[in-house]
Amino acid sequence: MTISDPSSATRSSGCVVVKGLIKQFGRFAALRGVTAEFAAGKFYAILGDNGAGKTTLLRTLAGLSSPTSGEVSILGASPRAACRDIGYMAHPSLLYDEMSGLENLRYFARLYGIAGDQRCEQVIRAVGLDPKLARPVGQYSQGMRQRMSLARAILHDPQILLLDEPFSNVDMHSAREMVALLKSMREAGKTIFLVTHQASLLAGAADEFVWMELGKIVDRTRSIPPDFPAERAQ
Amino acid sequence: MTISDPSSATRSSGCVVVKGLIKQFGRFAALRGVTAEFAAGKFYAILGDNGAGKTTLLRTLAGLSSPTSGEVSILGASPRAACRDIGYMAHPSLLYDEMSGLENLRYFARLYGIAGDQRCEQVIRAVGLDPKLARPVGQYSQGMRQRMSLARAILHDPQILLLDEPFSNVDMHSAREMVALLKSMREAGKTIFLVTHQASLLAGAADEFVWMELGKIVDRTRSIPPDFPAERAQ
Amino acid sequence: MNSLWSITLATLAKDIRLEWRSKDALNAMLFFSLLVVVIFSFSFDPLAEESRHIVGGLIWVAFLFAAVVALNQTWARELRNQVLDAYRISPAPANALFLAKAMGNFIFVGLLEALMTPLFIVFYNLRALGPAWQLIPVAVLGTWALVVNGTFFAAMSVRTRSRELMLPLLLFPISIPAVLGMVQATTAILTGEESARFWIVLLLTYDVVFTTACLALFGAILHAE
Amino acid sequence: MNSLWSITLATLAKDIRLEWRSKDALNAMLFFSLLVVVIFSFSFDPLAEESRHIVGGLIWVAFLFAAVVALNQTWARELRNQVLDAYRISPAPANALFLAKAMGNFIFVGLLEALMTPLFIVFYNLRALGPAWQLIPVAVLGTWALVVNGTFFAAMSVRTRSRELMLPLLLFPISIPAVLGMVQATTAILTGEESARFWIVLLLTYDVVFTTACLALFGAILHAE
Amino acid sequence: MKRAFPILAVLTVVFVAYGFYLGLFVAPTERTMGEVQRIFYFHAPSGWTAFWLFFVNLIASVVYLIRRNLKADALAVAAAEVGVVFCTVVLVTGPLWARPVWGIWWTWDLRLTSTLVLWLIYVSYLMLRRFSGSAQTPVLAAVLAIFGALDVPLVYFSIWFFRTQHPQPVIGNGGSLDPSMRPAFWTNVAAFSCYGALLCWARYRVELMHRNVEEAYALESLLDEGSSSGADTRPAYRGSPQ
């Protein structure tokens, strides 16, 4: 039903295309006309001040929020139709606190029609956790929880990863490890969108930095400006 | 009833003293014997991985959490007795979302027996907001909310400030402004404890970096190790 | 269709497992129901002659309040950490989630009723003068009537401010025919004065109509932002 | 003492102002109470002869359910953003907070009762056969009995998982004497068959005992971690 | 089309005034009930108006769910609100009439009870609209409207079996309405229908305007780059590193 063949995804030029995206919350417009094209297989870091609309953009790409006007196309389809190609990691964990990591993934695997524990265990190992860990996710430390949340997002091997502040409240150590993991996924041909306030963490990893401001993409740069953040803070 | 005279506070050598602090949550010990002495008028940055016990330590100092064993003395008294000398800023805002900033502070001023709007307006201006702003706090941006939360913490002009991750989810711009404000408060003789994961923000500001790990203070340094965070992350 | 049932069962199994693991909600609900029965017997003298006439109402009002408390918890687990969002972006059909939740609630509320009914019988010295077996279809149809709409409206009310309050506000007006049916059928059976046939048919119609409506419209509710 | 009252009034004023500003909760509660009355009249035939004997119970059970829903919201505002922590580290006395909340709830539940009572009178065609003025002390004492313990137990139950469920579990058992007093006093007045004197004295005693207990122990609850 | 609204307004004024005159001064006084029976001319037409307004609400809700047309949603709100007003009029005039003729304010009869339930359903509809967050309100409300509409026949049958005391329909075949009362009655039916349509239309237009205002605010925030956000104002970052 959707283009789930990775080769075709990488071939298409604009893997994620948004046109004139506007999202209104009552009187307030969180997205004010976002038009952009993103290529497959790249690592995009989305940066911007609080309230710039980063989360709203990511939720719209994931199909969780429908835009007031404008269009989103993911691999040529609507976000809902392309849901098997999208992995989304939100600020909350999207995991059941009362179940262990493996049990969580097992349930989500059913939703995607993935049979067997093999894939679940493989993913848990990929994010650097132990699939045997019986503790419920609610008792994980913040860093472990974020990793498990990432595991849930990549469980069905999506082409496109949307990550919303995966490093917030995470210590430097865990954050660096997650960056390394993401880097390796990018090598494997995935397209990654990552929202963060800690741009310096992505210095060597991201292909492009997308700057948002007041609901618009104001700039796209290949690297962090050398004067960041001092410059932006004046 | 408590030592609220700033001069006497600055005179005492150990303004905050903790001895053998242990805090257990069920089977898990969040604090595992913290013993330390902190001088008045200094700016302490508390650093450490997730789950190191930073929040627990701060809540214990504020008197919100009572230790399983060990002692806390704030200006020679118990945290509860010294409550007029303690300003606490938690991760949640501790403000009513439905009221404006000024209305919030007016109510908290009543709790501390402070009469009149003067002090409230002064504090709001001090954190760089407009006391006339009629919007309820729930509609503030994250950065504004953190500032207002700081305003609440310093409303009664406490000698000791306990700040838990004031910069989390705050953009660089707001974060730098808050650091500048804290610096000026330190000049005015306040003692500041600040928990953060973004140590680099405090490079020029903090007098001492207190490193926590697994419920213990493992190190106290005058500056951030030059190889941070790469070094600690290995 | 296949995936609908497989996901329904997976979700139901997960809910039952989690409920069983903590048993908190279950114990609390049982205790709550017991308390309701006790408060009722303090408020409505169980020895009075007329009690046979009012006990149909008592039982179902007690079940209704207990059910509302239980139904309000339906989506609590899915909202914590916004797990519901994970469901929404998955390819799983919306109705699988609805059916699983409704079936879970049916089991839960049915269990409550099975445990409260003996209490009522003991406290109020009940004995049916009509055909007692008819109480079973009345209980099953009545419970499903409460639960199917309750699950649906709970999904709506979690989208609103003051969630807990919203569920009864939506559920009670729509449930009035069902409540009337349950109470009248039960009273008819207990007193043996008239036939409960009409009320059972009414309950059946109610169940069919609203189950269809819920299944047709749940997708719209789930994916409404 | 001075600061106790000044802070009590400041807190009460703040709560009333916020409640008034949105009025949503108020409207929702009023509608909920109306629904409870309607559901009750569908379940307990108001035309039946025996209704005068059970209506005392009906009224108070309806009030009890409405009150539990209202009481559950008591601390909601203080828990959002953990504002309660800000109160706990301030030098303000714990009892000021308790008194303000209890008084706020008394006003709120009293308002509900004042609006539900006429509905009961109309729907059940009520007319007191005993001394009707006695209903006023019964209502005031009964409401305070519900509210003072309700506020206290709401403060306890917000610390637990499944909060909404916890309040009735704590409140109902303790309230049984009060419920009995209210129901019996009301029935006595409505039927005019006996004097309500004893039950009013019981309610008064209950109120004095539990108000004292709440004031003595609230500090411990508030500062329990 | 532009003139339809003022024409309707004039028509309403004429009908209401004439119906008022006929109902209170021309129609004969009823033999057993006396003057209080004149409530009838306002009571039954309000009921009918409420019913067709609720029907409009249902149609608009279905259209909204299919087309996702926000105008349909605006019409649904308007019809529900005005319908609740007319339904309230029935629920107030009914007991006022019942008290002198039946000796009680209220009884659990089919017509009374089903009207009350109808009122409850649509009040809960308005409650839901008030309490839900802006973006999803139309969907949730439209769904509830459909549930309410499905419920009405069930309510009717359940209470029909329960008991009946209210006068049976007096209009239509075998109706018992006295011919001398007909002009007053039918004029008032026309008057209340026009009045209901007028109110609903006005409310619909206000609702559309309200939404346009919201739109304009959002648009304004699109244009002036958020200078309203107080401390958040700061020079915008523009320069990419050279």
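Descriptive notes on the structure:
Each chain carries a letter (A, B, C, D and E) given by its place in the written order, and its residues are counted from 1.
Basically, a contact is a pair of C-beta atoms (placed from the backbone, for glycine too) under 8 Å apart; a residue touches a chain by one contact, two chains touch by 3 or more.
Predicted model only: the values in this text are computed from it and were never measured.
Placing every chain at the mean of its C-alpha atoms, the farthest one from chain B is found to be E. Between the chains C-D lie more C-beta contact pairs than between any other two chains. The distance from the centre of chain C to the centre of chain D, each centre being the mean of the chain's C-alpha atoms, comes to 27 Å.
Chain B and chain C have centres, each the mean of its CA atoms, that are 49 Å apart. Computed from the mean C-alpha positions, the centre of chain D lies at a distance of 35 Å from the centre of chain E.
Remark: chain C and chain E have CA centroids separated by 31 Å (rounded to whole angstrom). Counting partner chains per residue, chain E shows two or more touched chains at residues 117, 120, 123-124, 127, 131, 135, 229, 232.
Among the residues of chain A, those touching two or more other chains are numbered 49-51, 232.
For chain D, residues touching at least two other chains, in rising order: 24, 28, 31, 35, 38, 45. By the touch criterion given at the top, residues 149, 156, 159-162, 166, 169-170, 172-174, 176-177, 180-181, 184, 198-199, 202, 205-206, 209-210, 213, 217, 220-221, 224-225 of chain C touch chain E in their complex.
Residue ranges on chain D touching chain E, taken from their complex, read 24, 27-28, 31, 34-35, 38, 41, 45-47, 122-123, 125.
The residues of chain B lying in touch with chain A in their complex are 48-51, 141-143, 165, 168-177, 197-198, 228-230, 232-233. By the touch criterion stated above, chain C contacts chain A in their complex at residues 3, 6-7, 10-11, 14, 18, 21-22, 77, 80-83, 85-92, 223, 225.
Only residues 62-66, 80, 83-84, 86, 88, 90, 92-99, 107-108, 110-113, 152 of chain B touch chain D when the two sit together in their complex.
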